[in-house]
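Listed next: structures, encoded as structure tokens.
Next come two complexes, and both contain chain A; in the first it sits with chain B, in the second with chain C.
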Partner chain A sequence: MSHESIRTAVQLILPECILIGTVCVMFLTGPFLLGRNGQASPGLRHRWGALALLAIGAAAWQWWHTTPVAAIDGPFLSDGLSFTIRGIVLALGAVLVLAAWNQLDDRTSAECNACLLALLAGVNLTAAANDIITLFLGLELVSIPTYLLLYLPTRSRPAQEATIKYFLLSLFSSAMLVYGLALLYGATGTTMLPEIVELLKATSLTESPLLLIAAPLIAAGLGFRITAVPFHFYAPDVFQGVPAFMAALLSFIPKVVGFTALWRLTALTSRAAAESADAVSTYMASVLAVLAVLTMFIGNLMALRQSNLHRLLAYSSVAHGGYMLVGLLAGGGSSGVPGGAALLFYLAAYGFMTIGAFCILLAARRSGDSIRTIDELAGLGSSQPLAALVLSVFLFSLAGLPPTAGFLGKFNLFLAAWSSGVSGTRWLAVILAMNAAISAWYYLRLIGVMYLQSPQPSTADAPTRNLPAWIATAVCVAGTLGLFLVPQAVWDAALLATQ
Partner chain B sequence: MSDVGLTPYLIVAAVLFVCGIVCMATKRNAIGVLMGVELVLNGANLNLIAFSRYGQLGFDGQAIAMFVIVLAAAEAAVALAIVLNFYNNHLTVDVDQARQLNS
Partner chain C sequence: MTWFLDHWQLVLPLVLGALALWWLMPTAASRPRIVGALLGIAALALLAGNFAPAADARVESLMTAVFGVSAIASAVMMVTNRNPVYAALWFAVATLSVCGLFLMQSAPFLAAATAIVYAGAIIVTFLFVIMLAQQSGATAYDQRARQPFLASVTAFVLLGGLLFGLSKARPEALPPSPPSGDSVLDDRIVAAPDPPRPSIGAMRGLGSQLFGPYIYAVELAGTLLLIAAIGAIAIAPRRTQGQL
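The block that comes next holds the complex of A and B.
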């Protein structure tokens, strides 16, 4: 690799270079700002949070000045997909920094903010990957900071239990993914993703037994990240044990990387139809279709019987993973709404609504922890009208009701699946609609609890408002309503990615 | 020295993979589970290098294997921190003791 080609490669990932540079500064200077006994001066977290926001701002500025170009030969590419994913991830990354702000303590805030930035860079690198190696490294650059973020902020028993569960299962899935990618490399003989995708469409299963083993391993490795059933079972336990900002992060970031990697590896979203009925890509599509149906039904049915809000939102996140899989599967069609664009639009909408829901649960309490059980929601409509109204907006959006982004997102997914012309996706569209109806029950029940039940005797709360969490909530409300009222810009970007 | 070809390497790698999966599924000790992960990763490495050697595919496989080795080291470092923390809270590294979070 010549000096020139390294420079071209770096040019393509400048936003990530800014993020990683800031991460290095934070990791290296963080320990020196602590006192001799390991104590930090109060308020240190504000400075680290501000620095993280500044870095995201600089990366976003750099991102805005890139122009998507068609695929090239090299480890990275900067096409429509990576442009759109970068935009979504940087915007919601800033929201996550705000949500985490007051849940971090001053001692570990440098490391936690650094991990958050590293993880955002990892998502963007996954989106910019043009090669198995960069794809895999991007995925791991998301996983490893996630482990650190799980165990650094709180040392409590439930948080540690959630950490070890997530950690062991995530390692397990990464190991399966590596093994699957190794077999994929052996079967196709190249590490470049565009060539692999071509071969997957042209090769039939009987020709290559290695691919027959590789496909389920890759589906399992990535299925863990998008919480597809049967790889979802860690989600409720982990969400219950971790602080609210981590639950928000885990419901969104792994989904983005998982779907981006599936997009790159399976090319289900490209318009050209598969060559033959027994091509490997068709086989992967049918595996994923089964996962999608299971994921939607099990996620929604299990959510019906939850009384803990974090667990409920965990199952809701499982169900939404299923909806997005429908979008991915509808992408191969030759007519109608492009499924890939519907998927990306839904990812943006889902990010705003799920992160917003966790943010308002956090902001409504002044004690620093979030509202965790349904009983605590009772009477929120009279005790905190603003928080109840905002949470209702997010719940409406999650249920897929207008006037919110969730409605438009689900409608697009439904249209894409109905009109794609691929056999079987019409059934997926019908199942999606059924599941949207089931899910409305448990979301609307929460609104009923907030407005119709009498409030509990209020507990003594700390006198300060969690201002950063409120700002994050405000951004999410703006996103959720904005994507319904003026969706055109995001939809255009999503369409650009499918070309 | 006679060359054995690609297949024996793939078989050894598959055996490592299966051992690793069984180890992860049956061990209750957190460190034991981590050893299972290492077995799977090394099975994958063996595959990568064998493909690279016998498939005339250049050095891509070796390059990926190097990255996987470095990643395994990074994960082991994080793993020790997490397991130590778990031990401080639970006074054991038996993952079955992690069952407080339930509906």
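The block that comes next holds the complex of A and C.
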């Protein structure tokens, strides 16, 4: 282990080094800016928020100056997938910092902003990981700050319940994942991902039945992150109990990190699977295909009956996890749209629309913390026309209607599944289309409530303007419409990841 | 019977030691302590004289059996016990038995670390939590299993899968078995142009792996612990917030 090799390795993760360095600064100086009795000077959160944005900006600047290279043997990868995931995560991470801005307490804002940055670094490190240990640590670097963020901003009873539920289930899922990874190591004798992929190409299931046990355990552990169906139970309760920015974060960040890890571990979308339809990946694919179908149907059907917007968006997030699984399963077909690229494009689009939806609920609140029930939406079209219009854009996008990114994303996923030429994935494409139709019902119903029902008499005073949340919303609107109008740059980046 | 005669050097001191301990136990009837002490001294003397040549293959398989059976038995006791404190202590026994198995597999570091972390720290934490949470005595829902049927089925399906996998796993599909643990004692500094892959189980192998290829993982784990530690402090309520 020479200086030279350490320097080359660190070069590959410079954006993450910047983020983690800022995390340390925030953690270690934050407590000293509080008074003796734990009181902060008002407005301290603005400074921490600005520092977080600055760090993300610096990381993004570093990211922009990296060029993706093909897979290597070192500890970190800087390939197309990690390049694209980094871009998506840094852009939407800045939006999340803005959304969290005024929901944070001045006293805990240093820790909260540090946790936000740490989990962004965790996602990026998962994408850059080249061995299963770093991959697992990256996933945990997302989980642990998430537990803190669930409880630090609000100490209410619902937040307590949400935190405990998420904490315990997340621990179980991590345990299952690490069990699966240990068996994977036992079956292959190496922790390096490229070597594992090579070995898996040469191994059949009968030769190494340890993989038979490892695959469901890994799928279960990561299924929790992407809210695939048997592991989705926590989502509605947790989303309901946490502030809007946390719900936005939970609907997006665990999905990104889960799909990145699945992508790396299954190698389904890589060239390996395209070349040889070997037993291991077909077995894993059949496990995931069942999850995808269940996830889409149960997510959408349960969402039909919700009256709480956070619960509704939680089930919608479950369903979207199912759509993305279709993209992962469609694989890198030799012709047509590569499923991996469709998945990445959809991740970017979904990030903008779901975070945007939570941001506008936050920005357009009339009383309290944010808009939480469908009744509060009634008559928004006349009382706050701009907010209603913006929310409509996001709901159109979530339903997959033009002219929004959601339409293009779903269309890509459908084409990818259809053009892969396998009858199983074609069925997935049909089921995806059916579910998009089901989901349109509950998204469009919200638009109907906003424009057709008369507003409730407002009891509370108009709250102060939440400027950062409005900026975040504006960025999300730009993203949602921009990915439809000029999708080429993002699509090229997504294609880069599948090469 | 002949087996016991062949191995009296090991069996006899153990039996004597056990007798000594049993004699010394505090029971209702008081016994003369000198008998126990003499028995114990005899056991130690026999053991000291005869321990070195005792470790042959049959003893090794006996040890494996003892550790394995005690691991399984104490795990069963842990799950089936009604008293959470006893369950925690049985968990310690299970962990220590597994540590013994690790030792038999030439993984001394893993055994030591597991003993310190699980049998030491985790058990103490468990006991603290149980005692803090149950100051008014055990509650009804602690006395019975919540989902006994589902839990058993799940556990045994997993166990069945594992056993099936292990029974079918061919030797070459397994990782190369680590060389025996004597690399700890081997004090040559590795300077060969192509050093052999160090054994992960032994201390030196582990160290050179941790601070070689896995240095980034170690640093990452350090970051993780920093976040967890500071997060725990931040989550704890302050005095001004009414509690603690």
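The rule is simple: the second predicted complex is superposed on the first by the 483 of 499 C-alpha atoms of A that agree within 3 Å, B and C clash if a C-alpha of one lies under 4 Å from a C-alpha of the other, contacts with A are read in each partner's own complex, and residues count from 1 in each chain.
To be clear about the criterion, a contact is a pair of C-beta atoms (placed from the backbone, for glycine too) under 8 Å apart; a residue touches a chain by one contact, two chains touch by 3 or more.
On a predicted model such as this, the values are computed, not experimentally measured, just so you know.
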Query: After lining up the shared chain so the two structures overlap, which partner does A:L168 touch, if you call chain B first and chain C second: first, second, both or neither?
result: first
Message: Quick one: is A:L496 in contact with chain B, with chain C, with both, or with neither? Answer first, second, both or neither.
response: neither
- prompt: What is the contact status of A:Q160 with respect to chain B (first) and chain C (second): first, second, both, or neither?
  reply: first
Query: Taking the superposition as given, does A:I133 touch the first partner, chain B, the second, chain C, both, or neither?
result: both
Task: Check whether A:A9 is in contact with chain B, with chain C, with both or with neither, and answer first, second, both or neither.
output: second
First (chain B), second (chain C), both or neither touched by A:N308: first
Task: Examine A:P236 and indicate which partner it touches, taking first as chain B and second as chain C; both and neither are also allowed.
output: first
- request: Would you check which partner chain A:V178 touches, where first means chain B only, second means chain C only, and both and neither mean what they say?
  value: first
Field: Residues of chain A contacting chain B in one complex and chain C in the other
entry: 133, 137, 140, 144, 147-148, 151, 155, 183, 185-186, 189-190
- prompt: Tell me, which parts of chain B touch chain A in their complex?
  reply: 17, 20, 24, 30, 33-34, 37, 40-41, 43-45, 47-48, 50-51, 55, 57, 60-61, 63-64, 67-68, 71, 74-75, 78-79, 81-83, 85-86, 88-90, 95, 98-103
Touching residues on chain C, where the partner in the complex is chain A: 158, 161-162, 164-166, 168-170, 173-176, 211-217, 220-221, 223-224, 226-228, 230-231, 234-235, 237-241
Query: Which chain A residues qualify as touching chain B in the complex?
result: 132-133, 136-137, 140, 144, 147-148, 151, 155-158, 160-165, 167-168, 171-172, 174-176, 178-179, 181-183, 185-186, 189-191, 236-238, 240-241, 305-308, 311
Query: For chain A, which residues are in contact with chain C within the complex?
result: 1, 6, 9, 20, 23-24, 27, 37-39, 75-76, 108, 111, 114-115, 118, 125, 131, 133-134, 137-138, 140-141, 144-145, 147-148, 151-152, 155, 183, 185-190, 203, 206-210, 212-213
